[in-house]
Amino acid sequence: MSALWRDPAGRLGVILFGVLLALAALAPLVLPDPRAQPDITHGTLLAPSLAHLLGTDHDSRDVLSRLASGGRVSLSIATGAVALSITLGALVGLVAGYAGGRTDAILMRLVDAALAIPRLFLLLLIVGVMQRVPLGVLIVTIGATGWFGTSRLVRAEVLRLCTMDFVRGAEALGAPRRRIVFRHLLPNVAGPLAAATTLAVGDVVLLEAGLSFLGLGVQPPTPSWGGMIFDAKPYIVTAPWISIAPGVAILLTVLSVNLIGEALERIAGREGLVA
Amino acid sequence: MTALLEVRALRVSFPATAGELRPVDGVEFTVSRGEFLALVGESGAGKSLTGLALLRLVPPPGRIERGSSLRLDGKDLLTLDSDELRRVRGGRIAMVFQDPGTSLNPVLRVGDQIVETIRAHSAKSAREARGRAEALLTEVGLGDAEGCYHSYPHQLSGGMRQRVMIAIALAAEPQLLIADEPTSALDVTVQAQILELLDDLRTRHGMAVLLVTHDLGVVAERADRVAVMYAGRIVEEAPTARLFAAPAHPYTAELLASLPRLRGPRAPLRSIPGAMPTPADWPTGCRFRPRCPRAFSPCTDDPPITSLGGGHQVRCWLAAPDSQAAP
Amino acid sequence: MTAWIRRRILQALVTFLIATTLAFFLMRLTPGDPLARLTEDKPLSPAAIASLRERFGIDQPITTQFVRFLSGVLRGDLGASIAYNGRPVTALIRERLPATLLLGGTALLLNFLLGVGIGVFQATRPGSKADRVLTVVSLASYATPSFWLGIVLATVFATELHWLPVAFMNEPYLVDAPFLERAGDTLRHLLLPALTLALVTFGATARYQRAAMAEALALPAVRTARAKGLPDWVVLWRHAWRNALGPMLALFGLWLPLLVTGSVFVEAIFAWPGLGTLAAEAIGARDYPVIMGVTILVSAAVVLGNLLADLLHRWLDPRLGAVA
């Protein structure tokens, strides 16, 4: 962790992400409730002011607090989905890499084929058919379509580690396979895996925003950044801040997460092995 | 012979966690026109860096320190602007590197790599340049010049590749050829051929050769003069015959003594105890002192350079005129 | 060498087939009624529904459907569109494909120019302020949602400044105009969407290029090129960059999905008559055969792209024994 702070890009990422996180978490305490509609006739499309830092939208809801709520939604979707895909990816990667042979070949063929379909389309095939999915299903679906790349990554790492002496030594000593996987392989895969996790979070935020923009992701009235951009389209000339704010929010979130992820990659590349 | 290249007080430093390291620390020598000078030393003595410094090719973050002086025909190399430097590189001083396998561009044909050098330094047309390239390939001993011209480096053997590198170096007719361990990556039989080639080319073109090597044996036959380098400094410099016959510096003496001999009585191989220090651990005073069999009290200070006449110089207290040295 | 090519092509084919199978079963097994849209507005009699189901072949057991589908794909028949009243999906795709290729191709070119330029520039001054700023810029490019950028650019340059047209591919009144005029008009319409797409994808290119170039600049062969007194730009491009191309080819596998995914949004925003808008419309209309058809096509493109990248890599590096 301290290594992350020392890396200048990583530090920027952590700070940025921390600010965004704080905003999302603390917002409901400080800002007006996004769902309350105090002044329907007079409060719509107000420009940014001290009362409403980012103005109000067409339903006279405070944009900043909607942004914060939307952020909470997006981040919880992202964490849930990524947790699922990283776990699946790591499992499959470990199994394929360590078991080798037929299992490996079959698994990797499937992974290659799945990777041939761009993730958005995979999601369209599922979510597009189901239409208006509940949040939980959305998270699981996104998570279930995101593990392929991770499994490739983990498998490559495992293959590399298996040629090293400490693994061979453990096998020679008769260690059971489960022990080798969890005690020896997994800790050493943790580094690149952590980097992949943070990058995956950014990808999911973008993906979810896109889906919401298409009307397939988070359903109204739950706020989401993608949905906010879609809603703001008709008013873009008269009230540009409603469109700009969520876009910038997405940008900064994914940027901060990617800065962290890249820094983690650099750190993982430098450190030695855990035997 | 007139001086072609004068090197004075050359220092190359690299930043390190605890201050700066100076792998080349006050190197001085002169190369005369058409002369064959060998720069000899162990790995890590700083000789390769010295060679690179002459062309200002020291890899960053290393740099040549202020106060160093490099003069080619009287012209200061360190103050050249980029255009002039470009003309010097290849055109006045050329370099042949150690491993021809990695030093040649793998994606370009051999002929193209020679031609681009020719055209960078002269106004020849494409056809003229090609003709000259093929002539060069023949001159360096590659029988099938046209075949080689169209080949990629990986299609040639190690010895052939090194010949190609020499051909490239000759392309713009330099006055000085620096050869950095040109034979270390090659078979022993090929080594002799390459060295003979270098010598031939030298006489034919009136070109000076600076051979950087760790192999004293290689030096004996061909070099006019030898400079011995130890821990960033030149410790002895002399005409070859003189150096071999009467080495003045204990390090040189030990080096010569440790060469295995075919004739003479059988005896265990001699070696010098210990190892050459790295730039981070250089001792104060004479750097050879910890390993020197003849070290004595003045050696804790930097030894002066003494001239022993006949072009023989040595950096050692034993040769200094007014020191109390045991004979 | 040719044995390797054959094996690689076979491998690509197998991957494509598995992907197609995966897509088919994924869609079919997802809960949801393919005919829902049609029955949404006006309730149909059971007989009408039954005949519709028969028409679109949904009444058969799933294995039969799959076999029919797969043989159709191999024949080039991707089924019939539900929303477009039975028009063959292949025809719809063929109509829209050129527009997408034009957009994608232009975006790729812009992406390449930007990405390579920035990446090489960064590699020549590593650690400098410009380098660090550009790294953040590259990451920001990747982090920008394409649909948002499209909206912003369209609003600024088209709606507000009136410099460029807002949507579509041509102005309809130019239908009979001479070719040059029409071409120029198309170009004007092309600029914003292509720029949008390029701006959100160049970041990845720049990062890759920077890394590949940094490695290449450290090669002994580049040191030799400098020692030969060659001009800086020759050393940079002819020697260093040529050796950096290999690792860059891996980008093909990255570009294609990025470009394809981005097109869906960008085309929708700019009403560019391509596959992206087709897909977006199909989503809204729940036209599953069309969605499926586009997915299959896109997957084929990705597989093909990777194959080409591998073949190119072989060809570019004479050391691997290719037909140089």
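Note that the chains take the letters A, B and C in the order they are written out, and that residue 1 is the start of every chain.
Everything that follows uses one rule, which is that contacts are C-beta pairs under 8 Å (C-beta built on N, C-alpha and C of every residue); 3 or more make two chains touch, one makes a residue touch a chain.
Only a predicted model underlies this, so the values are computations on that prediction, with no experimental measurement involved.
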Item to check | Chains most often in contact, by C-beta pairs | outcome: A-C
Checklist entry - Computing the C-alpha centre of each chain, which chain sits at the greatest distance from chain C? => result B
Checklist outcome for this item: Cα centre of chain B to Cα centre of chain C, whole Å, reads 55
Item to check | Distance between the centres, which are taken as Cα means, of chain C and chain A, whole angstrom | outcome: 22
Checklist entry - On chain B, where are the residues touching two or more other chains? => result none
Item to check | Complex contact set, residues of chain A against chain C | outcome: 8-9, 12, 109-110, 112-122, 124-126, 128-131, 202, 206, 209-210, 213-216, 226, 229, 233, 236-237, 240, 243-244, 246-247, 250-255, 258-259, 262
Next on the checklist: Touching residues of chain B toward chain C in the complex: what are they?
Outcome noted: 55, 57, 59, 82, 86-91, 94-95, 97, 99, 102-108, 116-117, 120-121, 152, 154, 165, 168, 171-172
Checklist entry - If you look only at chain C, which of its residues touch chain A in the complex? => result 14-16, 18-19, 21-23, 26-27, 30-32, 34, 132, 135-136, 139-140, 142-149, 151-152, 155, 159-160, 257, 260-261, 264-265, 279-280, 283-284, 286, 288, 291-292, 294-295, 298-299, 302-303, 306
Checklist outcome for this item: As the complex stands, chain C meets chain B at residues 219-221, 223-232, 234, 238-239, 242-243, 316-319, 324
